[in-house]
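Next up: some structures, all given as structure tokens.
Below are two complexes that have subunit A in common, paired first with subunit B and then with subunit C.
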Partner chain A sequence: MQNTGTLIVKTSVILIFALLLFAPFLFQDVRSLEVAARICIFIVLVASFDLLIGYTGIVSFAHTMFFGFGAYGAAILLKTMGPGWTPVILGALAGVGVSLVFAIAIGLLSLRVKAIFFAMITLAAASVVLVLASQLSQITGGEDGIIYKAPDLFKPATKLLTDADGKVVRLWGVRLNGKLAAYYFVFFCALALFLVMLRFVGSPFGTVLKAIRENEARAEAIGYRVVAYRTAVFCLSATIASLAGTVYAVWLKYTGPDTALSFAIMIDILLMVVIGGMGTMWGAVIGAVLMILAQYYLRDLMGAASEAMTGIPLLPELLAPDRWLFWLGIIFILLVYFFPKGIAGTAMAWGEKA
Partner chain B sequence: MTALTTTLGRAGGVNLLPLAVALIAFVLIGAPSSWVTLTVAGLAMGMMLFLMASGLSLVFGLMDVLNFGHSAFVSFGAFVSASVLAGLGGWLAADSWALNALALAASYLAAILFGLIAGWFFETVIIRPVYRDHLRQILITIGAMIVAEQTILAFWGGTPYSVGRPAFLEGSWIIGDVSIEIYRAFAFALGVAVFVMLYLVLNRTRIGLLIRAGVEDREMVEALGFRVDRLFIGVFMLGSALAALGGAMWAGYETLITPHMGADLMIVVFIVVIIGGLGSIEGTLLGALLVGLMSNYVGFLAPKLALASNMILMVAILLWRPNGLRPAVK
Partner chain C sequence: MPSPSLVTKDLTIRFGGHVAVNNVSCAFHPGELTVIVGPNGAGKTTYFNLISGQLTASSGSVLKDGTDITRMSPSARAHHGLGRAFQLTNLFPQLTVLENIRLAVQARSGDGWRMFRPVARMRALTQKAEHYLEATRLSGVAHQTAANLPHGDQRKLEVALLMAMEPDIYMFDEPTAGMSLDHAPDVLDLIAKIKADPTKTVLLVEHKMDVVRALADRIIVLHNGELLADGDPAEVMSSRIVRDVYLGTATEGAA
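Right after this comes the complex of A and B.
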């Protein structure tokens, strides 16, 4: 059953998780930790999107909307109630609640119709929420977003372990302070949510979803209620996205339209899922890691390359860091043409032939 | 009740909806002069939206292809026409009415030509390989939209680009205490002209007959020996050209344009297409007018709800008629 390609993919995913687990000790600067936390969050977000697009074959553009509900839920309560665990938990619950209401409403209204209608309706819903979030500035802080304090445990000044002098203990040169606790909060939440999803797609329910993707009419004929299953998976994916939003809000200590709701995040998620490989949870991990690393480091590299090429006509212009989304778009189109299964899917299939 | 329904149906049925919206708004707004101004603005916006949406709707009806990159044509149309107008700045600034009109016509022609060529390229290179695969269609056209938006960004930069407007379209007519912006009236008239032309082509010519038959039942038309795929390229090019023209007119209407304008308008265009029902230009016109009027009235009555109102309208209509008001596709 397990071929070489699958083994390679799974090993690299486990390796990625191991690297993320030890990230604070391996890469000891602020920016790397930021990147690592973002990767953790996006793995969950992309994997939950993969439940929809890869496993069930429905295209939703409202995924950032649910992410935003979770983030704003925590952010608004942390702002009004002050730092603590109650607002985080209440915020998470509120976010999930609102997300579920929206998911059920959209699902029942539009999952009966064609995939394309659903895509358009979710796009419209998400853009309305985005506009509302930037207009209702008394509640959401408008375009500026909300800045607030995280629970005390996660403050950089918090000492997890102190030595005899009352100073923070250093382990391999890393201070055991609140920042580290915050990172591990993000990491373990992400890991737990990812494992839940992994368990879920292996369950009988997950198998039914794949059956619906492959042949809807047949699944219906066998006796599965397609609309109910689709709505259920839409709700599940919305719940997980919303929880990921809450975790991200606690980590960033800032929530605004750009970090939680914007259409750019939706495009990122879409790119990650397609690059990594649809229909495999593993692909979500690979896609998220590659895209975020590219976002943070490739642009610098392109800038350096562009400067190195000054004097040669056209090349510096083409390699300018601003052009990076252009190239990404082209790579994306080529990938959809030639490797519709993405990196993970292609690697797994490649092993099968050999 | 049934008698009422039949009377309504005979009087025009769902076609009366924009009228009903206008009447309700008249009562709510109270002041006739602002109502007239808003109505003209709504009708003008509706006609521009119609231009952008008609191609999308026909393309979907004929070939079951939904182009999420349609907004690229709108943006490109706007920027191409704005550049032509900037290039013909001399004509635009000239004191002669004829030269002004010529510059405007040239800019629209450039947008239409660009739309035709870009549409042909888009259809053959991007969409042809993914017929009948909705998921990959959505993904690929999204990718194409990203590339197109970035291309505009590379050529014209990210700062808002200002668009020239010929002098004879500036200002407004004042009738009593009602003021009507000339550009809006012009946009409305041009939109109506295009609609009439489209309607005549679709209903009075042989090509139009084939297009309508293809929307209804493509396999049957193909079985009778017609090449629907060739027809489809033509419709796609026409739709792209109309979207580019719509973008060009929208650019003159807004006078400041950014590379994101297409993506922003796209949401409204989708709502129009969904409300109207896919595949019919009459439905698209109805949806466009409804959305145009609705956003102007609500924008006046409760500014914060402007975009949400379109969404609510869409939900209400989908609950009432799940396939839109006048669908041609079953």
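Right after this comes the complex of A and C.
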């Protein structure tokens, strides 16, 4: 059953997908590509968080912790073993392994208890890991993080295609070099992970998750072991976040607390999930795109607006680029007020009532 | 008489100093519909909770076909063939009627752990769910969310959910509570159909005496957590004890 709202949401998501697919050709500057890659990663991160909070009704504050495990896994091995695919793969596996150990331990110990207690446990675990990452500076680089090289394929100097003179081929003005390969690595990894999650939520397993969110006691009464399902989805979500972390680490060639572990990222994820709409994968896409675009471009936009208003009293002051966080806050409040179920959630509900 | 499908032996639960269910021993047989009556606070729902696993007994045991299920989780008991409907409507409110039923079908078939197959393509599940929708005359509202159904349909969905679990033992807790007179017969017809199957055991908590008369093969009376009377409906209904209980003159331990 499709309604207009759902159609609009799905069309927007397909449009976003197309824009991201052709991003290197459409937006030919370094910063835009940076933004596009970040969007790809955060779509996966937010969607995997939504598996917990939106689909199953589990509140966790440890999502960046799992993201960090994946990122640090790849970073540490790329630093010690040098650039190559082996450290990336081993790093990904190590990140997933550590994530699973933490997820199973936290899950079995505390998924039986009340939601608020579980949330506190995840908060505690995430804090401990953050402190460890900044204290164990010999391994993690501490506050400074780790700088390393990505596999050779992704070096900007790598030529994917060369012409007769040995120069790198340009396609629509874009050099087919390692940077492009790195972007498509990020894009296709994110796409694959996102599609896997889409399969999850449409499967019988996904319907059980929704049942647990809706009525845990009844789900148990009709024969679903709620604790087992909760632990399973917590592990799945942790695994996907960890893999996203590895991919991001390969892209950035730098991993530190600010890019992979900080609570600022956790808050970003929460905001994206709320803005986009909980309980729908499409919401994760829309939330991540809007939030990241705002974070990167609201300042520029306000700078331009402020300049355009020179001469008018007060307005240029209000729109000064330094006040971008203030405006982001106002936009967020308005969004929550007018789209109580998030943008995707509210839009998809429009058609149903009509 | 066939061997009992469900037995409670000295079943007891205490909440602090209060004994809500006290040494209740009773056997239930396939093909039999037992109505459990008693005044409010007699321990009927608590007794149900002990059998279906929402509460765990302080002492005594519950046996299903001879297997001790006293300490099992509700989900494990469901897999042993116990199906329980609830007094207050207890559905998955934001899911559609079809999705509600499909969840029960899928719990029974054991497909809940399949993560990659789109549920929409698992025709067998949907067909089975549709079968139960038809049986409960809910096909017309299959795609409405459960929360948007009128109360009577929600009660029917409650029964449909139980039927889709295909249990051996059906436990109904005041299935017609809050239903209008013209809707109640729908639900009672469904229960009568289940009762007609000689392999099914039905337990029913009910207050309405006309319902009790129409359906009961046997009546047990709970009072202050104790089993006060057990027997043929006509006999129990006319006994002094029962009249005293409902008139409020019975004292503890009157049995």
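In this text, the second predicted complex is superposed on the first by the 315 of 354 C-alpha atoms of A that agree within 3 Å, B and C clash if a C-alpha of one lies under 4 Å from a C-alpha of the other, contacts with A are read in each partner's own complex, and residues count from 1 in each chain.
Convention: a residue touches a chain if its C-beta (ideal position, glycine included) is under 8 Å from a C-beta of that chain, and two chains touch if they have at least 3 such contacts.
Only a predicted model underlies this, so the values are computations on that prediction, with no experimental measurement involved.
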- Mind working out whether A:Leu21 is in touch with subunit B, subunit C, both or neither, as first, second, both or neither? neither
- Query: After superposition on the shared chain, which partner residues are touched by A:Ile330: those of subunit B (first), subunit C (second), both, or neither?
  - Reply: first
- Query: After lining up the shared chain so the two structures overlap, which partner does A:Gly206 touch, if you call subunit B first and subunit C second: first, second, both or neither?
  - Reply: second
- Query: Once the shared chain is lined up, is A:Glu214 touching subunit B (first), subunit C (second), both, or neither of them?
  - Reply: second
- Task: Check whether A:Tyr229 is in contact with subunit B, with subunit C, with both or with neither, and answer first, second, both or neither.
- Result: second
- Task: Check whether A:Ile104 is in contact with subunit B, with subunit C, with both or with neither, and answer first, second, both or neither.
- Result: neither
- Task: Could you let me know whether more residues of subunit A are touched by subunit B or by subunit C?
- Result: B
- Query: What part of subunit A is shared between its subunit B contacts and its subunit C contacts?
  - Reply: none
- subunit A to subunit C touching residues, read off their complex: 1, 199-200, 202-208, 210-211, 214-215, 217-226, 229, 232
- Task: Please give the residue numbers of subunit C that touch subunit A in the complex, ascending.
- Result: 52-54, 73-76, 78-79, 84, 86, 90-95, 99, 102-104, 106-108, 111-120, 122, 125, 143, 161, 165
- Message: Touching residues of subunit B toward subunit A in the complex: what are they?
- Response: 60, 66, 68, 126, 129-130, 134-136, 138-140, 142-144, 146-147, 150-151, 153-154, 263, 266-267, 270-271, 273-274, 304, 307-308, 310-311, 314-315, 318-319, 322-323
- Could you pull out which subunit A residues touch subunit B in their complex? 53, 57, 59, 109-110, 112-117, 119-121, 123-125, 127-128, 131-132, 135-136, 263, 267, 270, 274, 322-323, 325-326, 328-330, 332-333, 336-337, 340
